[in-house]
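Two complexes follow with subunit A in common, the first pairing it with subunit B and the second with subunit C.
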Partner chain A sequence: MISSGRKYLTAGLLSWQDCLAYRANAAIWALVDGCGSMVMALIWLSVFRDRGEIGGYSLNQMITYYLVASAVSLLTTPHMEYNIIWEIRQGLLSGYLTRPADRYTMHIVSETVWQVMKFLMFLPSYLVVCWFLRRYIIITLTPLNLLFFCSAVLLAYLINCGMKMLLGSVAFWVTETRGLFQVLECLWGLLSGEILPLSLLPIWLTVIGGFLPFKYVVWFPTELFLDRVPVQEAVLGLGLQVCWAVVLLVVSRLVWMRGLAVYEGVGG
Partner chain B sequence: MRYRKTATAGKPTSKPMWKPAFAPLLKYPRLAFRSAGLCLSREMQYRLHFWGNTFAGVLWTGMYLVFIEVILSHTGSIAGWDRPAMYVLYGTYMILEAVAGMIIMPNMIKLTEYVRTGELDLLLTKPIDTQFYLSVRHWEFAGTGRALIGLTAVAYGLKHTLASGGGGSVLPSPALHPATLASPAILSWLSYLVSLVAAFLLLYALWLLSVLIIFWVIKAEGLGYLFVPIMQIARYPISAYPPLLQAAFRTVLPLAFVAAAPSSALLGRATPAGALVSLVVAGLFLLISRAGWLFALRHYSSASS
Partner chain C sequence: MKWGCSMPTTPVITARHLSKTYYTFRKPEGLRGALRSLFYRERVAREAVKGISFTVAPGELVGFLGPNGAGKTTTLKMLTGILHPTAGEAYVLGHIPWKREKSLLKQIALVMGQKSQLWWDLPAADTFLLNKDIYELSTSDYRRRLKELTELFELEDLLHIPVRQLSLGERMKCELAACLLHSPTVLFLDEPTIGLDLVSQRKLRHFLKEYNARHQLTIVLTSHYMQDVKELCRRVVVINHGVIIYDGSISDLLAQHAGTRLIKLTWAEPLPDQQVQEDMRRSLMTLAENSERRFRIAEFDAWSTVLEVSGGATAAGRTAAQITAVIPVSDVQIQEPDIEKVMAELFSTAPASGTDGAGDERAGSRL
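Take a look at the complex of A and B:
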């Protein structure tokens, strides 16, 4: 167990070295992922002129919502599914399978390291935007809220890992799956609360979103940060996050194993 | 292979066929069309990917429409643009995004790959302008559904603008009087089309300029996507941004000439001269991007062995 942990720690450190070599790339992807929410925050700034509250959000809450949501989204959204389809399509997976490390775990480890690097590269531009919008930012975090928020961010990452591994595993059966990824990314954007706080969406969309895990990856942690969730609901939400994380990680693992059984390596 | 003897075989041809002076230039559009045809047939090999992307494009369009609708349901307008005007703006943006996604984006992404892998070496030896070749080589047609939605949004917005007598009080321009909207309709449409072409050329120039950094920062696969979020700024009225950014979007990063300029032309918010200004701005940035391309090329050191 310890040697296995050390193995993945070493793999993580190697990934970190790799990330350092590609830090410009990390900065670019961070900007690509994070810019959208910033633009929306600016639009709300214009929309709120002469208005005290929209959909239960004050201007300060709305701006803080988008700033926190963009950081949470950037930190908790890995994109290992693209690496997985690349490895399967090019036959590169065959080489990895001969190594004494589980490829499923390796994907999560290397992507986690990449996420940290991406977030670090995003921080300077993020802080500049926060500085410009500083008079709109409200932080009412209590220690309990902070604990809830950090737990929710961690669980959101695990939920996303499960979803993305599951999505990537589809490539064992379907050659070109990027179209499918696009559809899910779109649903993710709308129902996770990245585009809009969920309470502003039409009711029928909110109802559909209630049965899906998306709202627990951005909206729920961000609402916890804004202190808009009562303690009981927060505990319930964290419990549901744990359930979604376990279900998605187990299902994705099973699908991955099943996929390996039908995998036929292409190329050398 | 069978050779069929004909009456003219073996005889010298009487006169060389006359070719117009611009004939050598025809290879440029021909190459673009051939590339488009090849890419379309390749894309059709992956039907699920094609239809998935098409469906996703429609979904993304709908998603941002929900965002705009939610704002409009609470406020009635965004920075002076009421619902019909916003539909014209958003529809115009969607048309441009779809066309840019069809030809500009795939080529810019590939350009970063060519420089990174050293494949650009081979392309530089082709008997055609490399910038042109790299700009029309790859096409992606899956996003064209968004252009149709964009056109529908423009038609819907325009219809309701006319129905409300020119957009109501939120549109302050006197040019929006119903009479002025009805009479110079052809001129408005012409200005719209000219501004749209100018916006496309401007997008190309800006995208290329953003990608040229790859010649110096080799390890940056994502560079081809960098302009995507920047372009999204043009989805909303430029007047909705803080004053400092507005100034930037009208000068150094002229996104005001992307969707807002054609929409203003169509809605009668701008005079036809505005379309000419758009053309001049696009031309200027095309020249800058060409100079940038030639400068970057001089600094290109192949990555291959």
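Take a look at the complex of A and C:
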């Protein structure tokens, strides 16, 4: 069991080293991933100039929301779907299928290692922005909140892994999937709360979003951090996160297995 | 002539009526075709492998030969579990390969000439370490294997250079070593020498031969370089249009499909003038008429002659003996027919069974 887990960890660490081979590129990706929400925080500073509250958020809450949301989004958004389609389209998956290691698990572990590294690289610039905006930041975390928040971040990551593995697996059937990725990224940005807190969206959109997993990946953990969710709702939310994570991981695993049966391993 | 069927040992690989059909979409040419294909696409089935059967015995070195698109790589992909077949069954070391059981995967290895399995931006040594964990090798086993392979493949100076900076020949040596670290029982090689220069090809073949002599593993190789198969494999499976058109030894293949051998005779003394040359030519022709095997003079000059004789090596030997008993010569060479030529003839002939692309099944689908 230990040796079985070790191969995935080694693969993960190797992908870390692989990313470090192009250090400048890795740093740029880390910055790009996080800077969107920080820009939004600056925009809200000017929007709030002569208003006390927007969508139920004070200026301080709004700024804190974006700073937390950007960190949560960076930490919980893997991008393995691009690697998956590349491997399927180029037939590179073939090499992994003949070795006694599960490529599905390897994708998740490698991406997890990369997430940690990306976050560490993002941290210095993030802390600089936080320092500039320090007078707007409100932290009212209780130990229970912190526990809820950390659990929610972990579950958000698992939900995203399920979604991205599912998305990548589509390439087993559809050769060109980048269009689909773009559509889903737009939906993700809008319904996850990364672009706007969900209370600012039209009601019909939040109703639709309620049936989808997106709001549990950024909005829910961020609201927990801001202490805007009553304990009962927080527990219910965490339960729903577990359900979404299990459903998406199981479905993506099944789709992956079905995909392997139709995989053609193109090219010599 | 199904070689493996009569082997007394349990086959390492068994394939029975293995078939694979790929489905693609046909797009008519031009803008009009592109617009039409937005609403209606013609689905085309292409049978890459058509019900092939064969067995491979332990320790055998089998070469799959065939032109591009013949179905040899598809067969290899089914045997290594990458592809699920459309029909038929296969067993490798008693396992169904496409179930990808760990116990099977730990005993096989695949090297692909056109796809690197090494991490591109990292030195090969890092991939070796990953393989150590993937195949769950102990540190002492790993070190021992690494030392052996480093010496055999002369990798000492290559292990710590990023793979992208290695030459193709160097990379292939590393690929091979990475796949052999876990001491597989069966090694599959898909076009291992493709793109390599002649010296690197020869070196790689030498390493493979050397390794096989030491470890006696079963090797299944695909190639369209005749030299690979000729030098490495005693048995060859020729596949074309998805069907096996020959399965047996290379020498038998040459005997069956090459109608002629060449006998080169060098005269004991150069023939001084036209008259002597004409007399010699006449004597040869008389011998040819009386010989049990007919032969023909392909080349003739003052120093030597080349005769074309029908039949195998024995017939050519007998004919040469018959001639040299009468005509004094300083040297006799019996040349095998060119394998490349034999293959080209074999590939251009229609397959023994099955059909080619003309039999493809087509169906339209609205999307």
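Assume the second predicted complex is superposed on the first by the 265 of 268 C-alpha atoms of A that agree within 3 Å, B and C clash if a C-alpha of one lies under 4 Å from a C-alpha of the other, contacts with A are read in each partner's own complex, and residues count from 1 in each chain.
Throughout what follows, a contact is a pair of C-beta atoms (placed from the backbone, for glycine too) under 8 Å apart; a residue touches a chain by one contact, two chains touch by 3 or more.
It should be emphasised that the depicted structure is a prediction, and the values quoted were computed from it without experimental measurement.
Q: After the overlay on subunit A, what do you see for subunit B versus subunit C, clash or fit?
A: After superposition on subunit A, which the two structures share, subunit B sits beside subunit C with no clash.
Q: Tell me the contact category for A:G12 with respect to subunit B and subunit C: first, second, both or neither.
A: A:G12 sits against neither subunit B nor subunit C.
Q: For A:G95, is the partner it touches subunit B (first), subunit C (second), both, or none of the two (neither)?
A: In the superposition, A:G95 contacts subunit C only.
Q: Between subunit B (first) and subunit C (second), which, if any, makes contact with A:V47: first, second, both or neither?
A: In the superposition, A:V47 contacts subunit B only.
Q: Of subunit B and subunit C, which one contacts the greater number of residues in subunit A?
A: Tallying touched residues of subunit A, the top partner is B.
Q: In the superposed arrangement, which partner chain does A:E264 touch: subunit B (first), subunit C (second), both, or neither?
A: In the superposition, A:E264 contacts subunit C only.
Q: Between subunit B and subunit C, report the minimum C-alpha distance in the superposition, expressed in whole angstrom.
A: 7
Q: Kindly list the residues of subunit A that each of subunit B and subunit C touches, one partner per complex.
A: Of subunit A, residues 21-22 contact subunit B in one complex and subunit C in the other.
Q: What residues on subunit C touch subunit A, complex-wise?
A: 22, 73, 77, 80-84, 98, 100, 102, 105-106, 108-110, 112-117, 119-122, 126-127, 129-131, 133-136, 162, 188, 190-191, 194
Q: Going by the contact rule set out above, which residues of subunit A touch subunit B in the complex?
A: 21-22, 24-25, 28-29, 31-32, 35-36, 39-40, 42-47, 51, 54-55, 174-180, 182-183, 185-187, 189-190, 195-196, 200-202, 205
Q: Per the contact definition, I'd like the list of subunit A residues that touch subunit C in the complex.
A: Residue list for subunit A touching subunit C: 3-4, 6-7, 10-11, 14, 17-18, 21-22, 90-92, 94-95, 97-101, 260-265, 267-268.
Q: Across the complex, what residues on subunit B touch subunit A?
A: 46, 48-57, 59-60, 63-64, 66-67, 70-71, 74-75, 78-79, 142, 217, 219-223, 225-226, 228-230, 232-233, 236, 239-242, 245
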